[in-house]
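A single structure is presented below for examination.
The first chain written gets the first letter, and so on, giving A, B, C and D; residue counts start at 1 in each chain.
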């Protein structure tokens, strides 16, 4: 008996029974959807930050503290965009597509047990329901591809559908192992059956499910349908505004759902020590989601034929073998003691290594030595990036250290050293230096110095021509203007300007300059 | 008014008749296949209704077998249609009369 | 003796055939010698086993070994049993077949050297031998018939061995078809006997015949049917035409066919079924008359042939006629109660088989000799031979021995068995005796005609006589050892085989070595034979008489003989073309095209016309069919609603 | 659930179901027809839920919506059937007649028969009952089930063979 049913029973004392059904359901639906949307927003934030860190970037960090309001800002931006409907497209199909894509992702949560009793509906065919509902998403994709009347959309939709159908097979088969052990289709029973988390008892099934699930929700490296370089942006190329937001939400809701399913099926659901179950559940969900974008930020995208081949030739047979092995084990050891995990991990490792040997990449047999280690190495490299300082320069606060001989967008003029010899003006090949001098007591006094940086070549001949070290190239790179006149810099501006001299033509200046590196965090110039 | 067995059976009959009309009248072979699926669904409703109102599970078992057959039928049927389309560039059931006298 | 030994005798060559066909030819074709060795090894082993069987049989009471048999086929109440007969007759035949076959195989090693189809040759030879052995061992008519046809098939394959030659292909077909004609009678007789008695077992049939359970006309016709098979296989008149043509096959094949396997099968069959024949006067008379007539009839044709192998072929027919005659006359004696039944049955078999036994060796030898001559000269035409005595002394010696033996000069093999036949003919059928005795003269003449034309005088061919000096073409030479050695062995056998107690072993009378000379019959036949030899000498060696003048004087006869009494023409032009093709077949053809085809075509045409009308229903419109189905369903439901 | 709930949901589902089935047959836009087919399948699943056949309802969604409908849409796109739309053929009047007569007959039969229906809702989950009915070795449908598996395999192989590029 879960919370919802208790609520219903209490309500049934006062209201007619149909209302007693309807009201708690609506309330629960509202609560659940709100919660899910919130989590999804967090997901979006976490992923953007996380992927940033994996890539040694910072990720969004401006809107609000730590950029926490970035998703909100994005949402506001996206909702204010123009809503476009392709005129040659199928209007209704186009409009309904994002809704239909979003709905199944949401509906999955109906049977996810956040904690023992915190479940919307504990169906006794829970896992089957999930599979059935998630296959609905295909229809939405189809509608989006079709309704947009765009060939990229259609190609993407076909790809997406082919991919989802193909990966659904190993997905379902890998679940079968769990079902054999737990002996139930109900999600709560599966969680309760996990004294040892099933990813230990079903290592192969877990791996297959994880990969197939990533493909099912079209996360990298299986994000063929979005493949920007090939088909622009996939089936939502024609979508904008709220409709696009729905697709975007659907993607992350789906990711959340899949993470929740992985947690439920393989990671022991709400089981955990000390902390309350629901918290454990969410922690695990975030870990799984982290793993998803960890993989995403490590591995490159697959080619479309490789993608299908991988599903049918690799995952599908392995999943089948896994079902057989599990079935045999369940006949021999009906209780499925936890000691089996040693055997199963060994079997899984052996099968993966052996099976990968059947395949060829670029005419060469796939070896675990090469590819397996490659993948693991890649994952460790990206993981190690988490603990490095991002190389991103927080620009206005931080500035990039340019190379010592960098020729920036201005000249540095030392008024005190200048003797007004006009050698610079004479040396300039494009005559952008306009200098007027009057005779002073110690020689010439510069009355007017104007340089038109709109035409300047930054050739440095003026610097070389200067006999008294009064002219330098600048390491400044920040000046910009929308108006041409402002690019003509006057004497006063030269005097007032920050003097960051370049070592161009004056190598002796290099010694006092900070070293420029790409990956090392920039040291502030004092 | 309580919903009884008759309601489901009549729903099934209506669905079946609609499917039947479509299967007999439409020219696009894929649409014909769709209509056949509707007919099978109608039969399933009847099966499950009988099962529900007799408390004998066999009706549902039959429904499962009908689903299996439907899946097989769609796979092979669509394969045939696509093969025909490849060779004759049409899926019009009236133009596919290879077995004509 | 283990009961498997007789079976092994049959199976050894059969496995040799299997191995050659399915292992050596497909996989080891580059080593064809292997097939020859395998064949020789298997048949050699079979020969040794045959001696073992012979020894066992001679120790057994009544010279019969009882062998277990097995249920082979059960159809309703009918049980067909599968077993082997091992008695004196079979034992002797086993020895004959395996020994002659072995020597022929050895000889073939030399004769067939370098032939592109070497392996195929030995495969067929193995099968041929196997079938013959199976035929000898079979204890029921059904299996006997199976092997009988197997022998026919192999003879077809071997006669047509060089099938690319039209003559060979034609000869093979002819041999097959002509023997078929006889086989038809045989098959009819087997079925007839089966329906009469309900058994295929030869032993049972024999005892039933002797008890008179079959009896009367039925028995006569059955016996004549069986005999017709023998006539076909043994090339007796009037089915003799295939044998001379069968010379198109390789000579060792001829040797085997003529000596031990194919033609011997016919005589063996009559011997095996002798009690059945002996129960009917008409049947044995037929056998005797056909045999006697064939003997002289074939001999006359042998007189004028120029092809050495054809002469030998007619001589074979003639000698087979002798054997039939021998069987027949003793049978007449038995049937007329001139000889006691028990004794007579054995005697008849002994008389016939003794000649078969002797004949096997010397006839094989003659053919091998002819092959050897051919090997040297490259021809079979005697007009292009002569004087070969000098270059081929071994061949000459052995050929001469065989010739004297076949002519029947004391003490060589032919004498002993021929005397037996002549004696019994004199005793029981005097008319046939005279035919036989004339045949003795004719045999002597044509055999020595061959000897003189081939080996005496001067060489008339185109090859160089002086060995080694030949500047044009290969020279004449003696055949290699592998060919001469079997001939030598056969020559010894041709001399001594008559001294072996074969006849008494089979239950006939035995004559002491010199005691035979005491009989006047021996002297009569020997004088006639000597006359024949003398005449041949006079004509072909000494040239006292001109062959040409003789030929002119007897021109009609010579034509008659050399055209083989126009039998080939009779068969091919008259019987086949006029009677069969123009007459019966035309009638069948008319019946077939008009009546049978008419009915069939009428039905078919009617169906087609009806179909043309009805097919309009088949529009190819899937949905039309579906509508029809549902209208049908509705009709059924309506029936239920209305009547149910 | 009580009668009001069941009745209400039945009527909603039935109306949507029949309407979408009609849409499948009569819509000219073939892609929309396919989408309505999905809707029809979905409502049938709803009907199954009302009939307390929860396993079948899920299976209905899984098989019909997840597999069959998607396959059909795929085929629509591969055969460019959308260009011709979904015209009716020359048999439409006959077909209508047959369909109508069939419907009338069926309704007559359904209403004219005295069904001995048990109105109580079956208790307990159908999943394990179904599993028992399918797989139990004594009175189950284990052999037909395996034959069905073989049929599916044959269909898969047949479809692959048919569709393969020569």
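What we mean here is this: a residue touches a chain if its C-beta (ideal position, glycine included) is under 8 Å from a C-beta of that chain, and two chains touch if they have at least 3 such contacts.
Computed from a predicted model, the values in this text were never measured in an experiment.
Student: Consider the two chain pairs B-D and C-D; indicate the one with the greater count of contacting C-beta pairs.
Tutor: Result of the comparison of C-D and B-D: B-D.
Student: As a quick test, compute the distance in whole Å between the mean CA positions of chain A and chain C.
Tutor: Chain centroid spacing, chain A to chain C, equals 96 Å.
Student: With centres defined as the mean C-alpha position, give me the chain A-chain B separation in Å.
Tutor: The separation of the two C-alpha centroids amounts to 44 Å.
Student: Measuring centre to centre with CA averages, how many angstrom lie between chain C and chain D?
Tutor: Using C-alpha averages as centres, the distance is 79 Å.
Student: As a quick test, compute the distance in whole Å between the mean CA positions of chain B and chain D.
Tutor: 7
Student: Where in chain D do residues touch at least two different other chains?
Tutor: Within chain D, the residues that touch at least two other chains are 55, 59, 67, 74, 89, 91, 94-95, 98, 102.
Student: Where in chain B do residues touch two or more of the other chains?
Tutor: 20, 23-25, 93-94
Student: Send over the residues of chain A in touch with two or more other chains.
Tutor: none
Student: Looking at the whole structure, which two-chain pairs count as touching?
Tutor: A-D, B-C, B-D, C-D
Student: Which chain D residues qualify as touching chain C in the complex?
Tutor: Touching chain C from chain D are residues 89, 91, 94-95, 98, 101-102, 105, 108-109.
Student: Give the list of chain B residues in touch with chain D in this complex.
Tutor: Chain B residues touching chain D: 1-11, 13-28, 30-31, 33-35, 37-38, 41, 44-45, 48-49, 51-55, 57-58, 60-61, 63-65, 67-76, 78-83, 85, 91-94.
Student: Would you tell me which residues of chain B are touching chain C in their complex?
Tutor: 20, 23-25, 32, 93-94, 96-101
Student: Could you please specify the touching residues of chain D with respect to chain B in the complex?
Tutor: Touching chain B: residues 3, 6-7, 10, 14, 17-18, 21-22, 24-25, 30, 33-34, 37, 40-41, 44, 47-48, 50-53, 55-56, 59-60, 63-64, 67-68, 71-72, 74-76, 78-79, 81, 84-92, 94-96, 98-100, 102-103, 106-107, 110-111, 115, 117-119, 122, 126, 129-130, 132-134, 141, 144, 148, 151-152, 154-156, 158-160, 162-163 of chain D.
Student: Spell out the part of chain C that touches chain B in their complex, as residue ranges.
Tutor: 615-616, 618-623, 626-627, 630
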